[in-house]
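Note that chain A is present in both complexes that follow, paired respectively with chain B and with chain C.
After this line comes the complex of A and B, so read on.
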């Protein structure tokens, strides 16, 4: 009888020690925008600023994480003016490209196939029909008035990266 | 100086992110008569960003009147904030998108600048 009295609490303790503690999680559909690589303008000629590596620049890269396929579209708009710069007396001609580069799923190459470009080539829209991570490479070139050199100083421009629910 | 290095930093070099959920918020009746409410969550993992603006649009991206605690949300790095968006009953059928957009201070010269905007679609 005494042995039984000891055994019952011992079993109770064992049961408590083996209790399960669940970790609960919930994955919801969402789009995460990350700036992955800092962009820099190279100055290959006096009248040009460019993010192309061949021009001494660094191509900015924006990463999108897509949790659920076909819920969002990505819209990336490249600069058409400087948000800060020395005083400019002539017009600046902007050109740009945006392409899906590195991707976590090869099937994401469809982003490039089906992309839509508008706003004189400055806005590119990608239908995010595949889940995963994708890195968008952006090139941006600014050319100053014919035969004129950009004034010395620092230049800043803005890329707008958007995720719009469908 | 023949080659002046004009550096334009377009994006910051460290991992940073902007999240705005849910993807498809529902407008529900609020405690105020004739006003509906959507509950949103904003997460800021962009170290150089402390402010996000909020906006509501119709299907053609025309702005819709709405109320919230502050249309310019102050949020720390790696902070999560719950935001209530209040929309009048008269605008409920028109309201289609709720958006948050990062706001960059002029003083941020630092490696740069990407403005991120995430828009959720009202169900």
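After this line comes the complex of A and C, so read on.
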């Protein structure tokens, strides 16, 4: 009887089933980026492309919807080259600005005050310390060579907008 | 707000969307109030304040949900600046919705609709075919009997007139009449029922034909033709009556 009693737990151990049960999760971003206005280059002079309205361009506007404050930073990098263009034989000089041009809360005005610019002025970082929506206006200008005319054709440049968790 | 929001019963404002540009120096204090007075009381039914103090002026675009405030409570709106600074290009938009069943009595399909009268007060009237009513039937039968009697009397009167007329005409043949008939004839003549031409005699002689158509041409009479057709049509119509019964 003792043996038998000993054997039953032994058998139970050797026949125990085992399975893995996954735990799934999904985190929805609390910072959403939307393209509000598509940009367009104007061509005020033969050697210049510009998104300024004074130059015949359309300023691209990017909207950030910040659901949770102080948890993200917006990083916007303006173009330093064309992603598509005719063959260029000379260098292009890029200049740009990025500012919060419209906001859903007056307190978001501090985004412009506290913004950090680096990468030779091509990357701007905003600390999203307030929740709400903010519209960033981006200007971009490209000057070709020294007095050279841009070859005719289509030109495309990309703005990289990121929302990075702090 | 009467010239801003449609004056519709059941209208409620769900949110206020406004934008403006605040122009100011960073060091200045500036409060911007976007507000609407309470039309039914004191104070404001909506008041949103943006504090630009110590901040750089900028464009603001704000959506403020207000729940569902009835139209009646929205009074005059304004943008008020407190402090130093200027507001440029203000724009305020009210989003609203209308409940078509705000007054359930406007549509029977609305929940809560009440029939505007008490149906229990309306007596239920059973339909009775009047042609099956005994009194009506008796009256109809009585009327039919009267009509039948009148028809019989009418026929009898016609028959009597016919007989009297025959008797009168029979008086012309005096030789065939007996004394009683002669007396009746005399009585009738006394009543002047018989035209004088019946008893008078015409002067003898010959009445010659007068030439009425000098050119011997008889033109077609269109009126007579039309009359003939009309008579024929009337005749056929009358003939048809016997089959219509």
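What we mean here is this: the second predicted complex is superposed on the first by the 137 of 166 C-alpha atoms of A that agree within 3 Å, B and C clash if a C-alpha of one lies under 4 Å from a C-alpha of the other, contacts with A are read in each partner's own complex, and residues count from 1 in each chain.
The rule is short, and it goes like this: a residue touches a chain if its C-beta (ideal position, glycine included) is under 8 Å from a C-beta of that chain, and two chains touch if they have at least 3 such contacts.
On a predicted model such as this, the values are computed, not experimentally measured, just so you know.
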Legend entry - Superposed partners chain B and chain C on chain A - clash or fit: fit
Legend entry - If touched residues of chain A are counted for chain B and for chain C, the larger one: B
Inset, instruction - Give one of first, second, both or neither to describe whether A:93 is in contact with chain B, with chain C, with both, or with none. - result: neither
Inset, instruction - With the two complexes superposed on chain A, say which partner A:33 touches: chain B (first), chain C (second), both, or neither. - result: first
Legend entry - Partner chain(s) touched by A:72 [first = chain B, second = chain C, both, neither]: first
Inset, instruction - Name the contact category of A:133: first (chain B only), second (chain C only), both, or neither. - result: second
Inset, instruction - Please work out whether A:161 is in contact with chain B alone, chain C alone, both, or neither, and reply first, second, both or neither. - result: first
Inset, instruction - Using the superposition on chain A described above, determine whether A:105 touches chain B (first), chain C (second), both, or neither. - result: second
Inset, instruction - Name the contact category of A:61: first (chain B only), second (chain C only), both, or neither. - result: first
Legend entry - Distance of closest approach, chain C and chain B, by C-alpha atoms in Å: 17
Legend entry - Touch list for chain A against partner chain C, complex: 100-110, 112-113, 133, 135
Inset, instruction - Please give the residue numbers of chain B that touch chain A in the complex, ascending. - result: 1, 3-13, 15-24, 46, 97, 104, 106, 109, 111-121
Inset, instruction - Mind listing the chain C positions that touch chain A in their complex? - result: 19, 22, 26, 32, 50-52, 55-63
Inset, instruction - Could you pull out which chain A residues touch chain B in their complex? - result: 28-41, 43, 49, 51, 60-62, 65, 68, 71-72, 79, 83-84, 138, 140, 150, 152-166
